[in-house]
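Working notes, structure below.
Chain lettering (A, B, C, D, E and F) follows the sequence in which the chains are written, and residue indices restart at 1 in each chain.
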Amino acid sequence: MQILLINPNSTASMTEQALRTAQRVAAPGTSIFARTGIDTPVSIEGFSDEALSVPDMLAQIRAGEADGAQATVIACFDDPGLDAAREAAGGPVLGICQAAVQAAMVLSKRFSIITTLPRSVPAIEDLVLRYGASQHCRRVRCIDLPVLTLETETQRAFDLLVAEISRARDEDSAEAVVLGCAGMSEMTAALTEATGVVVIDGIVVAIKAAEALVGAGLRTSKANAYAYPRVKD
Amino acid sequence: MQILLINPNSTASMTEQALRTAQRVAAPGTSIFARTGIDTPVSIEGFSDEALSVPDMLAQIRAGEADGAQATVIACFDDPGLDAAREAAGGPVLGICQAAVQAAMVLSKRFSIITTLPRSVPAIEDLVLRYGASQHCRRVRCIDLPVLTLETETQRAFDLLVAEISRARDEDSAEAVVLGCAGMSEMTAALTEATGVVVIDGIVVAIKAAEALVGAGLRTSKANAYAYPRVKD
Amino acid sequence: MQILLINPNSTASMTEQALRTAQRVAAPGTSIFARTGIDTPVSIEGFSDEALSVPDMLAQIRAGEADGAQATVIACFDDPGLDAAREAAGGPVLGICQAAVQAAMVLSKRFSIITTLPRSVPAIEDLVLRYGASQHCRRVRCIDLPVLTLETETQRAFDLLVAEISRARDEDSAEAVVLGCAGMSEMTAALTEATGVVVIDGIVVAIKAAEALVGAGLRTSKANAYAYPRVKD
Amino acid sequence: MQILLINPNSTASMTEQALRTAQRVAAPGTSIFARTGIDTPVSIEGFSDEALSVPDMLAQIRAGEADGAQATVIACFDDPGLDAAREAAGGPVLGICQAAVQAAMVLSKRFSIITTLPRSVPAIEDLVLRYGASQHCRRVRCIDLPVLTLETETQRAFDLLVAEISRARDEDSAEAVVLGCAGMSEMTAALTEATGVVVIDGIVVAIKAAEALVGAGLRTSKANAYAYPRVKD
Amino acid sequence: MQILLINPNSTASMTEQALRTAQRVAAPGTSIFARTGIDTPVSIEGFSDEALSVPDMLAQIRAGEADGAQATVIACFDDPGLDAAREAAGGPVLGICQAAVQAAMVLSKRFSIITTLPRSVPAIEDLVLRYGASQHCRRVRCIDLPVLTLETETQRAFDLLVAEISRARDEDSAEAVVLGCAGMSEMTAALTEATGVVVIDGIVVAIKAAEALVGAGLRTSKANAYAYPRVKD
Amino acid sequence: MQILLINPNSTASMTEQALRTAQRVAAPGTSIFARTGIDTPVSIEGFSDEALSVPDMLAQIRAGEADGAQATVIACFDDPGLDAAREAAGGPVLGICQAAVQAAMVLSKRFSIITTLPRSVPAIEDLVLRYGASQHCRRVRCIDLPVLTLETETQRAFDLLVAEISRARDEDSAEAVVLGCAGMSEMTAALTEATGVVVIDGIVVAIKAAEALVGAGLRTSKANAYAYPRVKD
């Protein structure tokens, strides 16, 4: 099975980080090919960054499916362009926020999400509402670090995440914590170990959900809203 | 990987039907062992039937995990005892309604559900609300046949399902249809073929979701709501 | 008028406590007969406890109605098996959580609920949502004591409740407080006196609501969802 | 026990009709004194009619409590001035729409409401949302007759109600029907008999709920939102 | 263009304050004529005050339209009698709470509201829900001052507002703040300057919205719910 | 005052049509300069079309503000890139769907929306939810015509709109109808005349709302979610 893992931003090291995480959990027989955004922002930190990353992402998804991809995972927690991607793709398209939220609703009654910058909090809250998890999500928190700092100041980011996960557990009675940025994925195991909390990374669960849907023989419905884009003269 | 597939009712032929469906989609290396309710109702057609099936189901889940099950799938679309099962289990527990609803939210913008008896419609509507899919689920429909008739009058059930799926597509603009009873699972492919609609069966997607969560290394959070039942003197 | 007061757990002293509360408010002419769960958990502290108490409760409700009960009150704040009980019964069935929430919505604009253990908080939050009171219920709080401690360490429980009611008033601007456990019912008057807050006990209001519905000549609708369980061969 | 039954409009025959209904279900020992609006509209058929009826109603409630009323029932299905009435009163105040909706949520999973004029439908829908019953209320219907026609053309109104209740049962799968106008209350038993549907009248259940809350020793919370109106210089 | 600015309470100095604010932002060609409640409460601080102010307000709106008013602004943040006013009026009717909430949803993702007395908080929360802004409104706060104190102790009120706006920004991550009382309108600019926060005053945006709707050639729909009150014999 | 009217698609004739509508309602002193998408889809008929139009739109908004635009109106009913545009802009940004929905909530209790293609219905439903109008919007309907057909087969489109508006009035009891495509704006008056229904066009009300917010001295909050995009190295 071939899965396209697309990082919509243009920072290749983030793609590699996500790919390492993905490969660690991929089933035997799953081949993951990762793509990085071309001429897109170096990180997705707001609505404009999202918007600027989507056209290239759609092209890459089409190219990926032409090359044999059976499912697509969008490796950015804002789930940029998710509806558009599902329209463009034939196979299932997983957003890592939606995948993580769905997993958290199965594994816990109440969870919190921890993202990077404060400005991303309302955007993620809106996704939580859209994915039907408002009752289950206690709070969207942040560590107030820019995305790329996760790579340049990893230890500091880790310490802040440990502290914030602990606050989610103690103040929110969160039973699980979702990591709200693709760039945090390689810390998942260490964060779980450091805090004792069930920590859910979107890349991990999205890759597995992609395998699951392909394995189930299911593809994106092409009736109505997710029909392929209309071809115009 | 070992997955427990538990049919909470006491009709072994339904368990076998569900097991055949499950095995058809199981990944290599997944071993599914199926269990049938003991002294539970022959079918789950209402809240009392649900309630009478849960205590035995909880015992079977505990026994199943003791025997090595890493995840559990409850093969009844009412998701009976889902919260209790998650409390009793260490591994992930999938309800086929929740699993199907989550898949439908990924593969389509709008879907409908088709169940057996009218009396089950409000119960499933409440599950849809609880799973956060009220905006996505157009309508819960039924074919007005008792559950066991799916086995005894299969052709009639099939014809009614084809007609109702078509109504969901035409009247609800449903882009996908979820089958609202475990006993319908073996008809999935034929229904898709007959109607051209994306048809989602809960057993299929729950088995795959179970594999996905186990593969992701995730287990039910034992903090707070899903902590193991308190032991009392 | 005959009302069945069923305590789904198997601790007779809790039944007696609830019965004393019920009799204190019963109208002249109301006869309350109380029943205790047989072979059910000694307290309901989680979803499994709930599930294990329901089958016996359903049998007792049927027996109670055969003996002349015109309405049933379930004396556990988790409202275990409420839908199933309404299916099994001909008369009205009151859950003490729903009854208390409905009373609180009449007597105040904003209220909080105080239960025993933290693990019960999400379960009660879900009931609040289901009963349509999310806008009215400020917060579900707990005193972090096991249920049976209400009997063994009554003074400590009382002091914790006084403190928590005060917090609900001061931090939540709660205008009324609902006691979130049947075992607290005999403290209601003292708590009101100690705090000056309107304190609502579910047993009290459920008994009165049962009298009200019987007095109104109303019974559970047997059309569709609450029809008697289907009889199977 | 003394209960004030206030008809906010100025049509005395409607008050008498409501009073007859109320007395038929009142408990022994309950004394109901009815009041009619003074210089208010002859019927409440819209938001302005509501608004014009409230100031007099508030004065009558204060007078009624001064005369010994322990609870108040507002006999108009729009629940005009309900929040203001609760502010003005010390005892519990029941709106017949809220009381009927709460009873319907106990006695059925899904119900519909049938009112008089089309213009009242959105107003009642908003009450249903406010009372937390959006998931339970299938539809607000109307028979397209002015309120006073219920008295002048009773047979025609009855026939239209029978037809509309049947539609609610057949098209909405309504398990119970709430009568959406105080002026329909005397037809309740006949409508039940004619249709076989559980028909709920707001005056009946509001009177019984008033008795219940007084019997429970509960009064309107005077903390915060329902505190008595501020006295100003 | 003529706009009626109606202050439903009977304090003329509040009307003048509101009028000064309105005239400061009115477009050239807009003529605003202000009216003060006659025999209504001196301030609106609760549901009864609201109710007592509406009948006169409806009469003034009718008179105002007869005198040429093309739109109406109700200068009280509780939006008293808004539905009734729309029924009575032919032109658009703006409530300052709804207008401010709609503006805040355009200018920010998350905002908080600051009102005067604690008792007004739940009322405003209910308006927020009704106007569809529950996801956008972080919190309704108050400074715990009676309305008229805004005029008699202006500096104290100002200081309390500065402090509370700062708390909204810091604790709620509010991106804008809505002033929750008409009597605060003249402080808007100074509050913005003192805090650096986008502060939205309802009178300002309601006047501009009134101009906008009249300029668009739109009037209140007279179909169904907002049809003119029925004339009765 | 200068307002930027941006048509995100690349069909200049649609821009001109929108501009004519805008100028017809603009206040004296308002100068509207219209821009057409460059290298964007010829029409916006789905999520991909939206996504492909946003990057150019953001650039044009920045350029427009640099040229003196004080507010921006996005002339496409899907409100593509609305959050990103607000991030990019300093002045208020109006989406014509949100503006129309807000106006409809002021002018009516219940409205319906009529768009072009069936595939756009779920997208608009999601906007309705996001703008808090689910209770107010009866139904999103469509005439099943591609967007550009509004220009090439105007009479046919008009006839279909008349028929669908009539259905909204009769079947939905819609009190107002919102036109769900920028390309319908010039038909507004004729549709109102032909049907007698209050018809709301998004361009009209968005232009007026833009004037209103600029006139109020309000700009987009730059705190948190709508802060300008982060500048990266």
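In this text, a contact is a pair of C-beta atoms (placed from the backbone, for glycine too) under 8 Å apart; a residue touches a chain by one contact, two chains touch by 3 or more.
Since we're looking at a predicted model, the values are computed, not measured.
Colleague: Give the chain pair, either A-B or A-E, that is connected by more C-beta contacts.
Modeller: A-B
Colleague: Just the number, please: Cα centre separation of chain B and chain E in whole Å.
Modeller: 51
Colleague: I'd like the Å distance between the centres of chain D and chain F, where a centre is the mean of that chain's Cα atoms.
Modeller: 42
Colleague: How many angstrom between the C-alpha centroids of chain D and chain C?
Modeller: Taking the mean C-alpha position of each chain, the two centres sit 26 Å apart.
Colleague: For chain B, which residues are shared contacts with two or more other chains?
Modeller: In chain B, 83, 109-110, 118, 121-123, 126, 130, 135, 173, 224-225 touch at least two other chains.
Colleague: Dump the list of chain pairs that touch, please.
Modeller: A-B, A-C, A-E, A-F, B-C, B-D, B-F, C-D, C-E, D-E, D-F, E-F
Colleague: Spell out the residues on chain C that touch chain A in their complex, using ranges where they run on.
Modeller: 118, 121-123, 125-126, 129
Colleague: Quick one: in the complex, what on chain F touches chain E?
Modeller: 25, 27-29, 83, 92-94, 98, 102-103, 105-110, 130-136, 169, 173, 175-176, 197-198, 200, 204-205, 208-209, 211-213, 215-221, 223-226
Colleague: Enumerate the contact residues on chain F facing chain D in the complex.
Modeller: 109-110, 135, 173
Colleague: Name, in rising order, each residue of chain F that touches chain A in their complex.
Modeller: The contact residues of chain F facing chain A are 41-43, 45-52, 54-55, 58, 81, 83-84, 86-88, 118-119, 121-123, 126, 130, 146, 148, 224-225, 227, 229-230, 232-233.
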